[in-house]
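Structures for review follow.
Both of the next two complexes hold subunit A, though its partner changes from subunit B to subunit C.
Up next is the complex of A and B:
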């Protein structure tokens, strides 16, 4: 880990996720002279502009042309540099999907992508600027690593880690402005290794992105109100998935719910479902996310409430699952 | 420096060999993008035997020139040439297109020695070449990036995005060549989706355009020399070529964009090549 990158809650609360990665990139730029930055006329919105201000000769604005930008990033990587590309998730994973897949992933190039405005974090902008498909798309590209940080502090950790991580990496963040989950960056972030942020034995909530903090709050409420022991896992890396943590949750809690700011198809919930299905063990399981529709318009906090992705919604979903008596089902203990 | 008579004679010899190789590999492969491979023979031969600073014994040499075949479907031509340049045994191409072969019709840089990029999807090569040229300049490297485009692929919007970027960043260490063979898969480019005024389009995007006979070594060489000297704007060499060049029954026939050869056709095509060998 690069030195001197300690973030406290005060810093994190006064900066958006994007602000933090902008600052982290600036510091990394000193350590690694091979880092170059790219954006598509969104340097200011994505905060990669901070890097651009500090290292103007190492930053390339591609204009409003994402396909060329990701092709250029591939070329820069072929020349030996480490391009960090930042634009909105929707334009990264759909407008330039083929460039990301064919130019970057197929050639297994050292391109780091920081996709902003993921999920419905820019809910007020409408469907054109929301992106609830990106995790599914990125997860299906061979060689790609997919990280969805819980907050700005974790985003900083992810950006630091991705530079040392060979090959393409997709880091998906929101628009920022989300409350901070971690008090500092010293909690052992490692790509591919989930973090159990609340221990528990009755049910496991597997979360990524903004839902991690909300689940922690829900776990507290459920302990106080229902005496439930709720395990909360921050599954910040969707690919490669920490399958061991999922299998452990199946064995120890027998109930799992996933929460994500993404379509319920193809994202974290699907990734966890694959592990559960292949485990061959019975496990009560529900996915919570955007239920295969285009999100309503609105400010994110209202939308997260509507789609049961805030603490209230998570509490409700947990009570729903805990209210079902799975042990009564005749096949529950089959084979085990 | 102008090419000597002796150099031109040598290049012609290589071109005859490459055309013959393209026919053989197409026969072995059960089909290939033969028309657009034959149209770029002189361009490839001139680049690989005269201009590109490369070393087949040290394929990853850091200061080598880079070449990106943006019209990646002409891989049958490039693979044949790389074999003759000594990157791998020509006999390996007998497995072209076959199960687990390193050689598919669109070449993979992880499997084919001597390639600088994996290409095949149209409109991807020029953006990567722009990135390479920017990267070279940033790292103060003297090597050049060459990019060979098909004309049909210039229907792709990403080509023009990259053209804007190349001009914006004044990439004079990038030399772009268009194989203007005038046909894409479905027919004449002007019927399918008109490109003309094609040279004018590139000029208006900020390129200096040099139009040449793409089968003339003298013309092509003069244009590349001029491109190397140019310091104000990127150069585009519009190489007017004949699709299927060298095999009379394939020339200017879009049906030979992709095709297979049986042994009779292979013999006939080789006969045509041999009969024009003295040209």
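Up next is the complex of A and C:
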């Protein structure tokens, strides 16, 4: 983590991803004087307020006017600054979609978007504040990089990396006090390069966001209860996707399930499906996420359980897929 | 009075010899130029058959077509030479290198019998007591042993041993790979899925092995084949690397020990 950071992994257990990114951004502000912050009356909720408190002359509150805010960010980027824009995912990707696309992505501007309350992490706020379409929308915008960190530690890594990464970047985080997945930040985070957190050869689980930790726990349960060797990949970058890791999983395990806090259409599952289809190889494949509906309203933990995005749900899905035959290869004659 | 009826284990041991070991004679012919030369132009069928009144006679036929060998399970018509055993137990004993009474039909084809004996004797390389010094023979011993591991495990399952049936029955599709580093042709695999097994030479490329037992080289594999060191010691010394599930690798080792005990008596 950046030098001088005042929190550690123990603190991370009591901090949201947003808390961590707020702190990291403050530190980065010291190193990069070109960083400026913007929010739309949500500085406190999104934690970019920490940056605003430390650097009040480098922070702009656009009010409840997200479209204007992204237009301002484009102008600031054109003047050589590095705008970091933070608001809820639902307002970033839908209310201000045109400005993000035409003002920022079209010109390939160096704007960093940190969108909070992604997926159903703010489930109790209802459909207006849930956001299960953002990855699909952002992924389809040319020049945009899309990152979905697994936990607060990875969120810190992603924020640091995105400042050095040219062009627009969309970092999608949640709201809740999610448990940490990583013990520390030294695991080789790199935009566009996935992390195999559990090795395995029977099946591969490709995950992003909160599902990474749940999949790791599911892999442990499946090993102990079914003797299954389950590979878990943290696909933190949805675009550009680490296609090499997906192709390797196809070749080596022949079964893949994706898990994401997002509609099953257009997100991680769709990105992986594209790679599988283009590979020309047979592979049993299932996407797990929000099954093309508007989510129920409730606490995130209950919703994750309902949509089979928690460890128990993942275990159930794996057992289901393991029972499927995916290829006619039923020649059992010995070859000697 | 000792019954000459075949207990299951005797029949299974004989079947392992005929169905897993005999096909490896083709490997000997491919690798050993001297023996291959002896069989150039040979067109003949050589039958091995053991009487089994309970489950039916058991046999296999080595069929040479212009020196090329095909192993045919069962009884072939009009063999040039026939090795006839009064019981499967006696056939298994003879194939394990022990003395056993055998009636030979076609004994007058003494030249062919000598050629055949040289071929069969080459399989004694597989015995734990065979310590070849010649590099080519060492290489062949390791190759045959690795092929035999995969072939015998698959056959043991197909012959219905309840323990290995239970083990394979619970597994999704998995590949167990055996290989020697740097020796591309010394590799064999065992594929398992829901009770089915398939053994084959080479490296299975369609999926990552669930367990990969890889010897560091020929010289490092030999002490394990000779039972001079066990697999745990081999791993400890760096002679053998085990990638994948250690529990299932242990199971494989246990089944190989059971097979060895069964066939060697």
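The definition used in the following text is that the second predicted complex is superposed on the first by the 318 of 336 C-alpha atoms of A that agree within 3 Å, B and C clash if a C-alpha of one lies under 4 Å from a C-alpha of the other, contacts with A are read in each partner's own complex, and residues count from 1 in each chain.
Here is the rule we use: a residue touches a chain if its C-beta (ideal position, glycine included) is under 8 Å from a C-beta of that chain, and two chains touch if they have at least 3 such contacts.
Treat the numbers as computed from the prediction; the structure is a model and nothing was measured.
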First, second, both or neither for A:102, with subunit B first and subunit C second: first
Contacts of A:65 with subunit B and subunit C, given as first, second, both or neither: first
Between subunit B and subunit C, more extensive residue contact with subunit A: B
Which of subunit B and subunit C A:253 touches, first, second, both or neither: second
First, second, both or neither for A:56, with subunit B first and subunit C second: neither
Which of subunit B and subunit C A:78 touches, first, second, both or neither: first
Subunit B and subunit C contact sites that coincide on subunit A, given as residue numbers: none
Contact set on subunit C toward subunit A in their complex: 20, 23-24, 26-27, 147, 151, 154-155, 170-174, 196-201, 206-210, 244-245, 247-248
In the complex, subunit A residues that touch subunit C: 201-202, 227-229, 251-254, 322, 329-336
Complex contact set, residues of subunit A against subunit B: 36, 57-58, 60, 62-63, 65, 67-81, 83, 98-99, 102-103, 106-108
List of subunit B residues in touch with subunit A within their complex: 62, 66, 108-110, 116-118, 120-121, 123-124, 126-136, 138-139, 141, 157-158, 161-162, 164-165, 168-169
